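Below you'll find the structures, each written out as structure tokens.
One chain, chain A, links the two complexes that follow: it is found with chain B in the first and with chain C in the second.
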Partner chain A sequence: MSETQRVGEVIEASSTDFTAQCYELYDSPSLGSLVKTRDADVELYGVVYQAATTSLEPGRRPIARGKDEASEEAVYQSNPQLLKLLKSEFGTLVVGHRQGDKLNHYLPPQPARIHGFVYLCSPEEVREFSLSFAFLNILVNAHLPISTEELTSATLRQMSQVHQDRRSFLVAAGKELALLIGGNLNQLKAILGRIQT
Partner chain B sequence: MSLDLDKVFPQVGDMVAGLKSDAAQRQQRLKFALDTLHNQADNLSHLARKINSSKTTWLIAGLVDGFDRQIKAPPAPSEFTILAADGSHIDVDRHRSPRCYLINIGSVVLQYGGSPDATLDSFPHLYSSDEELVITPNGDKIREQVVEGTLLGIKRGVDECCQLAELATELPEDSPGLALVDGTLVLWGLEAYPEFVTEALLDKGFLSHLSRIKGLNSNGREIALASYISFPRSTEVVNALRLALCPHDVLDTDLHCRDCQERKCEMVAGIRDRDLFSELLGQGERSCLFTSRSKIVDKKYPEEHRIYFFYLRVDDETARVEIPKWVATDEDLLNLTHSLILDQCQRGQGYPVALSEAHEQAVVTGADRENFWRLVESLLVDEHLPSLSSAKSRSKRTRWV
Partner chain C sequence: MSQENTERLGIVTSGSLNKGVEARLDGSASVEDIAVGRYVTIEGKKRRFFGMITDISLGVIDQKLTVTPPDVSDPFIAEVLAGTSTYGTLHISPYLTIGGDATSLTEGPQPVKTIPSHFSPVNSASQQDVELVFGKEDEKRFWIGNPLDMETRLCLDMERLVERSSGVFGKSGTGKTFFTRQLLIGMLQKSKAVNLIFDMHSEYGWEGSSEQGLKVKALKQLFPAKVAVFTLDEESSKRRGVLTDFIVRIGYDEIEPADMALLRQTLNLTEPAIGAVYQFRERFGKNWLEKATNPGNSDETRDLLKELNIHESTFQNLQRGLAIIKRLPFIEPHAPADAVTHILDHLNRGTNVVLEFGKCNDITAYALVANLLTRRIYARYREKTEKAMAENSTGPQPLVITIEEAHKFLNPEVASQTIFGTIAREMRKYNATLLIIDQRPSGIDDEVMSQVGTKATFLLDNERDIDSVLSGVSGKSELKSVLAKLASKQQALIFGHAVPMPVAFQPREYGSAESYKDLIPNGGTEAVKQAEQDIEELWG
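This part shows the complex of A and B:
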């Protein structure tokens, strides 16, 4: 796997988020992964908050095909067109951007470009991005189909993997969250419960 | 104003009641037709002579290798490739300028076996030059035929076959293949047009593409070609039964039918070939072969491409499969056609999956048409060219009270 792996292409974008289509079926980055795309000289960073595999055409729903097949693999072997009729997409919440040498943990001036390539950030980039927890503010205030608790905890779990002292990273993140959402103990408890090592 | 279904309701009720009351009589006719089919199978040479010598206004199937045989499907090979092409078009709109038409050909290559793969694609082509909008006999502009309506439909069929021939040339040599189109291989519509149109679309078009596909069958390579007609309405085999029931040895419908009192042929009236073979054939079985004796095939198709057909039972449907003579007379290609079409239907919920996907690639929806014309108009406006449309067309697009 290359250090910066290309995982898809932007097909829908707004100031706060973008949706990318994967090049390979089922090949979307994990929930909470840090990805990036580029708009001219600005690099946009986002956190994967949702992934879905659906029919390429909205009016055509997949139907069950495996009744007489021995394995799930055989369903695709017997129907080679299926791989060309389905698509995997992932939704990304924009959590920061890099302009020149400056890394900012707030929204960029412009949304991502349609057909912009989307890359999985390398461990070094994830480490650099997560040196500041300023992005947590965007995560805990986002209105998404996924709950804030699930997305925030998934993101922190992913990020913690690139830090040598995983526990210290998560404890620091927990303290930052206590400042941000201390007034909502249930939410704080739910997140902390999901990032315990 | 939308359709007033309240007013339609009693009429639909009458129609359904009529169908219900006819059902018993229809079943009786079908049984009689089936008995006649079996009876005639014992004396085929007599019926074949009668078919060849009679002159009828209705189309009768030519006999080849039997009448009531039921042929089981041979096993499909382990590795094979299915090619399919289907088309859709945007016709010339006489209410708009500029004059142009668009043909969108959808194509599918499905590879089965050890390394399954699929290629789905579409090829839209816009025709707008003077030479493309008309077919002209050797510079004689007065007799030119405008390519629109029925003629455009025929041209689309030719383009589908052309696409199949292109795909077939790229097939791997070691894997048998079947090229499939939807509909008929008999270009009936051309009968209404002058000779030079037939030459342009049939001789230089359709038949040349068939020849290209046939030519790929060499050095052990096997590529069959067939067209598939779902829910066929043809009555050619039933018409052969009508002729068999006729008391005249040599029938001339113009001479004999008007004053005929007996009308024994009415005993099978209203029955279609698909009804007959749905009763006769078991799941996956095909009928014996028949030939199309239509005028255009008789006069214009060379011997090698003369059209044969058989009926194939797949679940609740009996479909008609048409093949050129070079497939019908080659046992391997014929068996390949039978087994692979059946296999395709089984994979595709009763209809060949490759044709279904080719259609999906080709289809041009109402919204696509609107978008196409909007694109044409916006580019005309960009170039400061007049974008004219008829008052009638404008009134349909801008409705008011």
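This part shows the complex of A and C:
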């Protein structure tokens, strides 16, 4: 696996988020992973908030095919066309960008470009990005199909894996959250409960 | 300015000059490590502020937390919430500013006239800060102890201390006597003042004992050349092996009506009886006491009473009182030597005088002798000072008169009549001040209390006593919380004229051979040798 793994291509983009399609079926990055794409000289960073596998044609739903098969793998082996009729996509919330040498934890001036390649960030990049917790503000204020608690905790869990002292990273993040959503104790408790080591 | 040994505590969040400033504690600093009475510095934008922590409280960002507390048994949650959703608040009274303007630079720390701006960082004060504020030990400053929780030596400007009257207060057994011994040694070493000590329980001149029953040396043993011990009870002094310099006897003719007025309550005299005393004094002059106790046969007595218009029962009341006085062992018809002249001779030579009461330590004897001697010393001092003023020369050596059980002399009923009331109010002009030692400061007249310049107070728990000691001090309610939290022993709060700001401190050790060695300036005096010998004996 290369240092920066290519995981897909942008197929829909707006200022706040972009959707990418995976090259391989079911090959979307984990929930909360940090990914990046490039638009000219600006590198956009996003957090994966959703992944979905659907039929290529919106009106055409898959049907059950495994009645006579021994295993799930056998279903795909007997129906090789399936891999071409289905697609995996993932939604990404833009949480920052890099312009030149400067890493900013706020939205870039332009959205991502369609067909821009999407890469999974390397551990070094994740570590560099998570030195500041300014991105948490975007996460907790986003209006997404997924709940804020789930997304925030998934992101912090993912990021904490690249830090040597996982616990102190999570404590520091927890303190930042406590300040951000101090007024919403239940939400804070829910997130803290999900990121405990 | 040096920032060594300081620990960041938090930031200023609100406040006012009157009420002090509030600082929010950082998450990393634990509320439990902070103690009231501790010093902090606040780094303002233009100047540094020096203050004392006077209260500590807990806060929460959301009231829900108090209703449904989070699961703090989980250390992760507890750690996240500490300093964010839940936090500690410090209440700080700023007292001084350091640096910032020209006066501060030339004259050192100045009293605060403003408060630090929002979010100024608060640090715990370093040793250097404390030294900067209270000064280092030098020829004027005497090391009296350490600020609470600090190793720094807290020094007191002895020259300044003796400029005004001062007081040592505290409940019985809190360490007043030990601290007073040190103050007296400090005055002896570092100020020009001489001390006259009315030593009710015979513990300042020669050795006393600590609560553990160990013998503790006192002034005469440590500074034999600079201290004279006078005694009222020769036998007691001899028994204890005290080297006395003079035995004090009081003649009948030395007692004045004012002394009787002071003793009215203790002798159970009526107002008319005191009136009668004045009449006797007027009629018979100095021999009044002799005449009042032996007026002659019954006819002569009746005539005399009729002439002076004194009621029979009043006269009997007076006689009972006078009989108590005459029974005092040191009262004689004619004193062999004038005690006042001897005391003044010693004081003029710069020798401190300790007057031991031995077994005559009931309040009647103490009040009578202290008042009587002081009144006459006062008169001489006044004379000398006025003469010196006329001749434009320097006045007599400053005198500090140390009295115990001060509320007996300075209570509102008698303060106006006793000489101590006068001294406390105005004697400063004549180079004499008081050192008051008392366990019931609320019994002392407010007017006198307000004139006491420097007050050192050990633990007090009576509300009225606390109010009385702190009356007229700015930030009274803050100091009250510090005072109430002092340990029951060997912790005190000192504030007033001689210190730039109030300070809670632990008096330096006194009583061990080492401590004597520290107290005595270098030089081969006997006391040092004795101390060395003691150390050798102790450690073999």
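What we mean here is this: the second predicted complex is superposed on the first by the 197 of 197 C-alpha atoms of A that agree within 3 Å, B and C clash if a C-alpha of one lies under 4 Å from a C-alpha of the other, contacts with A are read in each partner's own complex, and residues count from 1 in each chain.
We adopt the following convention: a contact is a pair of C-beta atoms (placed from the backbone, for glycine too) under 8 Å apart; a residue touches a chain by one contact, two chains touch by 3 or more.
Source: prediction; values computed, not measured.
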On chain A, do chain B and chain C fit together or clash when superposed? fit
With both complexes superposed on chain A, which partner does A:57 reach: first (chain B), second (chain C), both or neither? first
Looking at A:164 after the superposition, I want to know if it touches chain B, chain C, both of them or none. Which is it: first, second, both, neither? neither
By the touch definition at the top of the document, which applies to A:188: first (chain B), second (chain C), both, or neither? second
After lining up the shared chain so the two structures overlap, which partner does A:83 touch, if you call chain B first and chain C second: first, second, both or neither? first
From the overlay on chain A, compute the angle at chain A's CA centre subtended by chain B and chain C, rounding to the nearest 10 degrees. 170
Is A:71 touching the first partner chain B, the second partner chain C, both, or neither of them? neither
Could you grab the smallest C-alpha gap between chain B and chain C in the overlay, to the nearest Å? 51
Common interface residues of chain A with chain B and chain C? none
Within the complex, chain C is touched by chain A residues 167, 170-171, 174-175, 177-179, 182-183, 185, 188-189, 192, 196-197
Given the complex with chain A, which residues does chain C contribute to the contact? 27, 61-62, 64-65, 68, 70, 74, 76-77, 79-81, 83-85
Footprint of chain B on chain A - complex, ascending: 57, 60, 63, 76-85
Under the touch definition given earlier, write down the residues of chain B that touch chain A in their complex. 108, 110-112, 116-120, 347, 349, 353, 357, 360
